[in-house]
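Structure, as structure tokens:
When the chains are written out, they are named A, B, C and D in that same order, and each has its own residue count from 1.
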Amino acid sequence: MEQVYPDQQGRYGDFGGKYVPETLMAPLQELEEALDEAMADREFIAEYHGVLEKYAGRPTALTYADKVTEILGGAKIYLKREDLLHTGAHKLNNAIGQALLAKRMGKQKIIAETGAGQHGVASATVAAKFGLECKVFMGEEDIRRQEPNVFRMKMLGAEVIPVSSGRGTLKDATNEAIRYWVANCEDTFYLIGSVVGPHPYPRMVRDFQRIIGDESKRQFLEGEPTLPDYIYACVGGGSNAIGMFHPFLEDDVELVGVEAAGKGVDTEEHAATLTKGDRGVIHGSLTFLLQDEHGQITEPYSISAGLDYPGIGPEHAYLFDSKQVRYEAVTDEEAMDALKLLTETEGIIPAVESAHALAQAFKEAKDMSADKTILINLSGRGDKDLATIMNHFKGEE
Amino acid sequence: MEQVYPDQQGRYGDFGGKYVPETLMAPLQELEEALDEAMADREFIAEYHGVLEKYAGRPTALTYADKVTEILGGAKIYLKREDLLHTGAHKLNNAIGQALLAKRMGKQKIIAETGAGQHGVASATVAAKFGLECKVFMGEEDIRRQEPNVFRMKMLGAEVIPVSSGRGTLKDATNEAIRYWVANCEDTFYLIGSVVGPHPYPRMVRDFQRIIGDESKRQFLEGEPTLPDYIYACVGGGSNAIGMFHPFLEDDVELVGVEAAGKGVDTEEHAATLTKGDRGVIHGSLTFLLQDEHGQITEPYSISAGLDYPGIGPEHAYLFDSKQVRYEAVTDEEAMDALKLLTETEGIIPAVESAHALAQAFKEAKDMSADKTILINLSGRGDKDLATIMNHFKGEE
Amino acid sequence: MLTQTSFQGKLNKTEDLFIPFIEAGDPTPEVTIDLALKLQEAGADILELGIPYSDPLADGPTIQRAAKRALDNGMSLQQAIELIPDMRANGLEIPVVVFTYYNPVLRIGEEKFFKLLEEHGAEGVLIPDLPHEESESVRELALKHDIEYISLVAPNSEERIQKIASEARGFLYCVSTLGVTGGENQLSSEVTDFIQKVKEHSPVPVAVGFGISTNEDVQMIRQHADGVIIGSKIIRLVEAEVENLKDDSKRHEALNRFYENVRELVE
Amino acid sequence: MLTQTSFQGKLNKTEDLFIPFIEAGDPTPEVTIDLALKLQEAGADILELGIPYSDPLADGPTIQRAAKRALDNGMSLQQAIELIPDMRANGLEIPVVVFTYYNPVLRIGEEKFFKLLEEHGAEGVLIPDLPHEESESVRELALKHDIEYISLVAPNSEERIQKIASEARGFLYCVSTLGVTGGENQLSSEVTDFIQKVKEHSPVPVAVGFGISTNEDVQMIRQHADGVIIGSKIIRLVEAEVENLKDDSKRHEALNRFYENVRELVE
């Protein structure tokens, strides 16, 4: 029996809720009602699945990584290929769902925050496809390190709004998007990019991302034909991980979320929210976050813009707290090595975010027996990261 | 009844053949025998289809472009989404087929030529996946304008060999690859990227690309459920076009190949081989090509590296000569306008090559009645072209 | 509740209230005390003492800058509260409402937070990211520690207005416009209807805030509400003198200029 | 065929042949004539006259450079053929084999091409990208116009050797190594076996080319084959003097140095 989280108040155990300015209470209520109505409407669900299939390229492949399996000499390694989704990452699943909902609600304008730019591109894409006006908030540092995605958003007709507060990364872009929404909530739909934010966002984004896990389960059972023993996914806000994990929560599968340890969890420069953070409120929900002794949110660090976030979705906080999912942290260095290994052995350049999941999985797979199977969610492709990758490896040539 | 081309001598009507140095006659013979054997082997075919599905992401979606259809106000427009294929273009279909053949022939080394870099990336990808050593020949001008693909190839473990002869584009890279092959044909498999080169290459590449047309036909019949009235594809060497057209040759469908008119077919700067070229021999086969009065091959020009080629596959020469396919030419400007339109209305950034097919199709679709349906082969995604696109549109901001 | 709260005890009137906002530690703790006293001198009836926060979601650029100046000087929730006795020692008599985001409160612990407030002589608290539905336990604690928990209502609060207003304590903070602090405010007739509706349900004075930056704004609000809350505009007056306020030899005059500007705004 | 061909008539011997290659128009048409005569003086038995081509698939960088120099000067297939009467007028007596890629031939038209060859006194033609299987019509035309069509065999020609060799005319071009022109040549024992096999089937002299660049190479080939073809090495000797050859006042001496170097190579 699947657990029904969140509860009516948007709570996952202690976590979640709606910690927002009063002005947002009404739009959140409006959103929740529209969402519940839509999710109960077969036509809406059919439209969502239709767009995923005919436009976005679902189902994405389940690839057996024979060469890397052989090289590591342990468990059989499978990859769920969200890198093959239109625009290059899982983010589009959710953007499609929310854009359809926005249309249904009669909203002509959407806003989004973005870190790696993948959610920004996904949002700009659905805005173009569904004829919506789109503004994307993006930190200045991220604009620098994810330049191709910035250009893609602009080409797609979105306005990219640079955010200079803080360190100019995802947290700051999210703050700014929320501030904008407060002022424009009457005609604007806020299309959040991960399972974060106030209720009902974490639930909505999860439900639009669980297609990853549902498909994987079906494909695995068709192929292997048993469930995998382990599943790995990287965790920034946590949407690809929740999307993958959720349908397996009640199964006998060990689920592993992988955070960014940056330059090491014992340094000041990491984004290992669960490993090193504490309870607190960020972007409207009670969860774990990186903060100082006074409750000021600290600046995270990761080589990957998409994991460079000091919070984490409340459902992950709950799964961590209740020990239903194991969370590990992987450094920049380990992630980049895994990226290189996958590229050279399987001919797949993963997103730097996804490389974190790969690194942890590879580490563990080596020591498993050959009858074990593991599944890694390859949340996105690395094309957006070429500059970062080039920079990282340039010393080695 | 489907026509059986080419004949035993590799002829499509007058076109095709094997115009190569004596040294290559033996390796071509060896290749042809291995190919015929493989194509008759169910296991080989199953392996090829297996890799396409589980690794490369086939079938690719067939997308109804409702918004652009509405804006143009004519025929219903469908897109075959080769941009969703792993590595971003149709080139991988062929690279997978040839790499599997190379393995079967016991060759450990592959070489490839590349223009846009898509075939180079596809070759480097299959080399990584199947454990082959890979060298990619690429013109220096193309290295400049397709930089991200150069880096991708290197990351994938391929050696990129810059070619400075001629104008440093695809033609020159192909010359150099052939020269290298002449010297190393004993242990090296030459993985040609389009339906060009001496027999049996044009046939082999076509047969590895016809999956595009086969799938499209099935998807169209499932959806519409009739065949499209028109099909458009861009033509560089001609592989995506032949792959798309071939299964429809005997049907009542008007097939349109679109060449690059560069700055205009009445200027010196274009790559409109059929529109402006004459019969001749290039890269081992008799076909049409751009040449001067003395039979010297002239330097083509197109904004898109993948169409910047003075020749064309011999089967296209035959289909042109026998009027089975209509060929048109589209300028840089028209292609870029179509690219912009598709991006802004459908949320899909096409490759600059593919944009040529879009431009011609859009032009014609406008004047068709609403009961007509057209299919455009979206051969690849535009991520590799961001620099070119940025440059082209920078004046407009 | 029959006995008077400390807040009520310190509040001289329940109409025509002037409620300015300053950020603790902006630009220094000492200056914050001086500013509080100057504001009282200029007629402030309640002081909103802002706790600088790294991620102030409900605030526009002006208050973000103030928070940054204060945080760069090392200000924290506890230190800010500890300024109140110093203010009192220097003559501050009006009620002090501590304005803080929820995370620093959680971090220090809700119990400890209210104890600190009570011990240091604060009379109220306002937590902009803790809406009514999430604040039950906090409101109980506040009550227990004789601290008024200030609620907010917004024009789009709709059916919730009645509930929030009827349970309001201290004063009720009416957000006059959708948006973060520091925007421009155009008081429409809808807003006056909204204020009217709020007043019908509120047992406490109704004050209006967000985007009030001119004397005309103030005059207009006075016609409809029981008080005006002025935040960003006050911060901008501080900002204009920020270098002088940090300079011992220039502070006195800067404070006087600040006083004059505030008077002009509210007289 | 009972009557002698022009080629046979001009060929003085059928053993120990020296067959140099030059590119028409490299660096100028006049110099090409001078070089042809110098080569005859240095003992050349047959002249291979290369037609510069934009995309010489079978050639390495040396001959590519020569072609580029010639093309930059505007050399064409027809102009190159028109040089032959001038060579003859200046005393060239050895057979001339025109070396051209197929596309210029197609462009000018096969019929016209062979007519031009015949009219201008060429005795042979070699088309490196027209293998035996594709050359039937061309071979017939050649025959008709009294032009020897020179065939090539390569070490990997295998079963095809017999067929190609037995139908060979003029001389048979044995490619000594896999690769394009201008590489380094290491004559292995397999190559001598290969030459032996070719000779068994060939009715005409068997000459070996590709990568012959030293006197030792030449001596070694002489032991096994009927002739040596030297291309890139000759071009490099031209290239070393290219500026002097273009200079009227220095040409004479440059040609003499060229002559000495060629002599050294083949004596």
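Note that a contact is a pair of C-beta atoms (placed from the backbone, for glycine too) under 8 Å apart; a residue touches a chain by one contact, two chains touch by 3 or more.
Each chain and its UniProt protein: A, B = Tryptophan synthase beta chain; C, D = Tryptophan synthase alpha chain.
Model, not experiment: these values are computed from the prediction.
Using the mean of the Cα atoms as each chain's centre, the chain most removed from chain D is C.
A separation of 67 Å divides the Cα centre of chain A from that of chain D. Our note on geometry: chain A versus chain C, Cα centroid distance of 38 Å, whole angstroms.
Note on chain placement: the centre of chain C and the centre of chain D lie 97 Å apart, centres being C-alpha means. Chain contacts: chain A has no residue touching two or more partner chains. Multi-chain contact residues, meaning those touching two or more other chains, do not occur anywhere in chain C. Per the contact rule defined earlier, chains pair up in contact as A-B, A-C, B-D. Those residues of chain B lying in contact with chain A across their complex are 53-57, 60-64, 67, 81, 83-88, 124-129, 131, 148, 151-152, 155-157, 340, 343-349, 383, 386, 389-390, 393. Residue ranges of chain D in contact with chain B, taken from their complex: 53-55, 57-60, 64, 71, 76-78, 101-108, 128-134, 152-154, 156-158, 160, 175, 178-180, 183. Within the complex, the chain B residues that touch chain D are 9, 17-23, 25-27, 165-166, 171, 175, 178-179, 182-186, 278-284, 286, 289, 291, 293-298.
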